[in-house]
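Below: one structure in structure tokens.
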Amino acid sequence: MSECILKVENLWKNFGGLMAVSGYSLELPRGAIYGLIGPNGAGKTTVFNLISGVLKPSRGRIVFKGRDITHLRPDEITALGLTRTFQNLRLFPSLTVEENLKVAAHVHARCGFFSTLFCAPSFFREEKAIERKAREMLERFGLYEFRKEIAANLPYGLQRKLDIARALMTGPELVLLDEPSAGMNTKEADDLARLVAELQRDFHLTMIIVEHRMSFVMGLAEVIQVLDYGSVIAVGTPEEIRQNPKVIEAYLGTGDLVA
Amino acid sequence: MKRLALLGVAVLFFGLVWTACAAEPIKVGVVMGLTGPWASIDTPALNGVKLAAEEINKAGGVLGRPIELKVVDTKADEGETVAAVIRLIENEKVSALIGYCDTHWVNIAAPLAREYGVPFITPGATHPRIPERTGAWLACFGDNAQAAAIAEYAVKDLGLKRGAIWVDTAVDFSVAVCAYFADALKHYGGEVVYEDYFEITWTDFSSMVARLKEYQDQGRVDFVYVGAIPDNCGVIVKQIRDGGVTIPIFGEDGFDTPLLVQTGGAAAEGVVFATHMSLEDPSPIIQKFKSDYQAMFGNPPENAFAALGYDAMKLLARAIEIVGTDDPKKIPEGLAQIKDFQGVSGTISYEAGSQVPNKSVAVIEVKNGKFVTVKQIAPEYLPDPKIAK
Amino acid sequence: MFSLSYFLQQSMNGIILGCIYALLALGMTVVYGILRLINFAHGALITLGAFFMYFVFFRLGLPFVAALFLVLGFGGVMGLVLDLVAYRKLRGGPEVALLITSLGFYTFIENFTKLIVSPQPYAFKTPEFLATLYRTPYLTFRTVDVFIILSSLLIMLAFHFFVKRTKLGIAMRATAENLEVANLMGIEVNRVISVAFVLGSAIAAFTGFLWGAKYGQISYDMGFLTGVKAFVAVVVGGVGSIPGAMLGGFVLGLAEILSIAFLPTRFAEYRDGIVFAILVLVLLIRPSGIMGIREEVRV
Amino acid sequence: MGQVISLLKVEKVTVKYGVIPAIQELELEVERGQIVALLGANGAGKTTTLKTIMGVLRPARGRIFYDGKDITFLPAPQRVRLGVALVPEGRGIFNRLTVRENLLLGAYHRKDQGGILQDLEEVYRLFPRLKERENQIAGTLSGGEQQMLAIGRGLMSRPRLMLLDEPSLGLAPLVVRELYTLIRRIRESGVTILLVEQSAPMAIGIADYVYVLETGVVKIAGTPREVESLEEVKKVYLGG
Amino acid sequence: MKRRIPQELWFVIGGLVLFGALFVAEKTLNRYLLHILILMGIYSIATVSLNLTNGYTGLFSLGHAAFMAIGAYTSTLLTFPVPLREAYDLPRLPWFLGGPDAAWSFFPALLAGGVLASCAALLIGAPVLRLRGHYLSVASLGFMVIVVTFAKTLKGITRGPMGISAIPLYTNVYWTFLWLFITMYVVWRIVNSRFGRALMALREDETAAQVLGIYPMKYKLFAFVVGAFFAGVAGGLYAHLTKAIRPFEFSFTLTFQIVVMLIVGCMGTMSGPVVGAVLLLALRYALKPLEEHLKLYGLIELIYALLLIVVMLWKPEGLVGRKRVSVRGHQERKEEGEWARFSTPR
């Protein structure tokens, strides 16, 4: 059994009086892909927000690589190697594709303000490295020809890819993908699934994927958690989940209510 | 974008050409705040300057050359002031500058002029430390004189000893005149009960009025001395009376503005202030000035600053005549030699080393909406200029 | 040292100043609530209103009530013009453009007044029937002071009633909360915004008259600092909240007056400083203002 | 005339966000007095469809007919006047206004005071809990009450066509059941309803006709009987 | 969009050309034109530095005049000639600043002004920068008024509201444009390094930037402090050009003027702020003779305001702008919408 890279213990979060997440727990082994699904408003994105530090939990503990990150800021968490993408695509719209990627290389840049100012050799070295890394990423995601394009002008599918590429630029060990295939057509989604699988292998990533497109997440994930009303109602392999009556009910409701 | 830039350049160029015409006459630069809080005294002063220049030109000019005025409105803005002075000296090549009836603006403009070696005469800026700080020449008395005159009048003539002082902390001359007044009042055996502070930008003085009323009701003060600029004096007087304060109000030459009666209305009745001269004086020189002014501008002189502007211009002309050249470097020598110059605003002589003339002060009271001279005072005690900031 | 009458007198002074701020803040808060526009031009409307009143009442000699209604109408029309000429076109554009445009309008109106009317202040007589001075043991005041307080209260109440009870007022609040859904309800959002401008501007013009009647002098530049302070009142009270704007106005007015009244005199120069210090403090402690609704929480 | 014109007809409508089409060549028809359900997973384009019908979004191509009239380019407030009402997703009630004010806003375009008050009473009769909370600030209502308020507000415009966007979102099953009973009652009072839902069986159970969307395209369309074999719907939702 | 090597070369060439032109200008133009030229330079420094916060970082600060005030007063007090100090009732320097008989020379005084302005930025930045959108603007405006108030009330040091005049004239074209060059160089360096990318990322989407490892507070503060430094320098240059300063000068008018120049030019670009400053000043001084000729005082401001409105209606993103720079991103609006959905029950 591989080591547990992320451990979430009994996470609670309420907004005003509304319980968005109640008692969510997770033990994520290194190198795994987990899926997180559930109907609209089930609290999936909130879980991501909590893990990535964008929101602070009302209760509970999050341990990443043996370190308690519950009270760290998102940027500190990112520096430790945990990053995420966004459901509603949060690219930097008026920066170019390349700049979007370079921003993300920030975590590992060490060059200080004054060496930047006076063009110290270390600055150029670092810029070169960032450039190289960005280029690598651009090529990998098939974005190279668009590198000078303003991110907002990119076709939607590519914007999705850029979002993932940008997350990878931070050099993460654990990536939270929030609906990576949203808004794509079936073919694009299939391509993306392949790409994600490849990336996971090549970069030795661990992943949690929130998805609505079942074919996407079921194809990728080893284990799937199903969230409804803020708590986990089922955990299991894709096949188990597909058969689980609770899940079906959560998604489709029970037809007998009205009839 | 490019077209716009081009347009800008064209407009700039056009503007420069416009300003750069040269001619034969003696050029005199006039900088005034024709818009802004000092407009009601700077405008008459400018008119006075214009009247004097017109008279001189009609009489054949100075040294046979006409006088040409270059007037700039500096809008009570420091940046505009500096730019205007530089422009007048650099572009217009003026021989001398006349400007402002308030110390602050002289303090900005005159040091620049000094740097260029161009003399600066102020018609109405009264801070006695102006020469020390800026090298400018005054056509008017110093604040210490007008403050002492009112203190003398209050204590000796009216027997009022306990005074409150309202200081506009944002205005150089108000701070100065109030300091001199406090000094002179003590000298004459009076007492400053308290000082209250305000700023030029205020319109609401209700809290200060309430405080004054409290002192009045407790019988602790006899009068209030207000160091206000023209735009504020009417408002202040009105609010003081509206607030139920009945003790006498004294003021300085900033009160010498039509706004005092216009805004103050009935409240302005009985207000006593010091100024440079009395326009009702029957002396022929003053009456002639009044009728000439009326003829040229369609209305009688608004206040003493008109006369001061007139005198400043005449002083300058006299100085140029004395030295026989309009070389800016020489003009101060001429000014220094002026003795017993009969101006509209009084007799002006610069004593050795001084650039502040020794003049008498007119004490004026508002009666039935008219400015009535109650006394002409040559103060027997002059507070030391150094006590004011 | 301070007597009761002194305290009462100063409080009244504070309340009167507060009335003026509050009336201006009223119009600003409604517009800000909907458009997120700090409408600097609002301050210019008190200048315009004051000068307009001067001309129709003193120069043309119209009866007071007629003049008053003319001023209100004039203010409203000016507000409508501003909205139609520029603000409407800029909706949906960058917010700074809106802000700068309003600043441009302020500058324009100020200098227009300066050029057309006068660079010098105008004396503004208090109308005869408002000028009577009353002395009581505790308070000294004129009719105009009572008039200011009463008319302000009346306007605030009327405005409150308008916003709370009338269809248009409810629509206005709805638009401020959620423009898109308001549109779905069949509300012509643009018309509601215009109404907000008209009402706010009419009140501002009326405030200009109050200002003139109280202080006796009006000038082309009287609106700027007053306008800015009114916006401070809006923020202090809570953006978009109408009672908040009034409260903010009174807080500022009282703070200004009472700080001068009860601090040693040399602190008078802190007058504006205190106003803005209150602003910064409120923003740091309670960013949504005293009565504002918290909207800063992010997900 | 012969053929009866349907109340709403959406003809080959394509809507784009920037360059990305959210719905493509969508065809949809709603007959008078029916409840039509529009189903689909997240991102399928359901809300976009409703917003386009309401006039909040402009179609890039295609036409929308309401009562035989082309309303493709009519602004939203005018559509309200024609009798279209949208109960938006997430309810979109005005949190700072009272319940009563919210309801009155629904009748904003109407001039008949008496009729409005009558309808208000009608809504209160339909949702007695709103009557209890008449003067309460809407933001303080529970989720179910807010949904009722949103629907009540929609009714206040006296609509002929009501668009309901995920009314069951975030509500407890019991409340949802109550809600559906109400929806049925509303239909009985003569209002045509286009219902967008995730919860398929419930919607199918109530609907006269069903459309299932996937990535902006109609995948399945038919009467409830025809789509009754839930398997296909399930596929759309849970993937093959 | 930007290529590094050519741009650096361009910068060097531009600098050389600039100083060549300055040399020619200094020799041929009269002092009035030079004065205007210098003013353009100083305002450009102010707008370029303001651009760092308002344009690149998306923090719409209205407090820039305060930093200029701090710089102006600091450098003035340090350089004020000893013999004149008495006439102006200004204190002499304490021992740690060189003793009573010392007056600093220009360059270190400017630096000191900049540094002090930066310190002020650091001090107030921490609380104020937590605010967003208009709240931040208004708070920074409040900060400006508070600084002006201090300048008014610390009479022993600043001579209070009366201000200081007879400040030695040190500012010339070389100093000004050297500083403008430095300012632009620094801003350009920042913009094309990880710092600038971080700032722009914060402008576009703060949350996204944060999960990519950028600590917002640190970089906002960074932009604020660097901007304040150059504002302080600009203030010092200004004081030593006009030879007179007083607290009111560094108030609403100045702050708005700089902001207007920046926006008219275009926020978030290198050339925008300079274009804005130069154009608007050129317009002002070009119209001056017209105004005097017609005796319509106030005409300049009138035309100025009209142009402003026209530019905003016609090209709200600024004259040199092509794309829209969102100050309050739509993202933020979206978030508020989302929150509205959650904030319901109590």
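Annotations
In this document, chain identifiers A, B, C, D and E correspond to the written order of the chains, with residue numbering beginning at 1 in each.
Here is the rule we go by: a contact is a pair of C-beta atoms (placed from the backbone, for glycine too) under 8 Å apart; a residue touches a chain by one contact, two chains touch by 3 or more.
Since the model is a prediction, treat every value here as computed from it, not as a measurement.
With steps allowed only between chains in touch, the distance from chain C over to chain E comes to 1.
Shared contact partners of chain B and chain E, listed by label: C. Taking the mean of C-alpha positions as each chain's centre, the chain lying farthest from the centre of chain E is D.
Using the average of C-alpha coordinates as each chain's centre, A ends up farthest from chain C.
Between the CA-based centres of chain A and chain E the separation comes to 40 Å, rounded to the whole angstrom. Centre to centre, using the average C-alpha position, chain B and chain D are separated by 76 Å. One finds 43 Å separating the Cα centroids of chain C and chain D. Note on chain placement: the centre of chain A and the centre of chain C lie 49 Å apart, centres being C-alpha means. Chain contacts: chain C has residues 114, 119, 178, 225, 269, 272, 299 touching two or more partner chains. Chain contacts: chain E has residues 152, 160-161, 207, 297-298, 324-326, 340, 342-346 touching two or more partner chains.
In chain B, the residues that reach two or more other chains under the touch definition are 34-35, 169, 199, 201.
Of all residues in chain E, only 60, 127-128, 130-135, 137-139, 141-143, 145-146, 148-150, 152-153, 160-161, 207, 252, 256, 259-260, 263-264, 267, 296-299, 301-302, 304-306, 308-309, 312-313, 316-317, 324-328, 335-336, 338-340, 342-343 touch chain C in the complex they form.
On the chain D side of its complex with chain C, the touching residues are 54, 56, 76-77, 80-81, 86, 88, 92-97, 101, 104-106, 108-109, 153, 157.
Across the complex, chain C meets chain D through its residues 167, 170-171, 173-174, 177-178, 180-188, 293. Remark: chain E residues 1, 4, 186, 189-190, 193-195, 197-198, 200-201, 204-205, 207-216, 222, 323-326, 331, 334, 342-346 touch chain A in the complex. On chain B, the positions that touch chain C within their shared complex are 34-36, 39-40, 43, 169, 194-199, 201-204, 206-208, 210-211, 213-214, 217, 231, 234-235, 238-239, 242-244, 259, 262-265.
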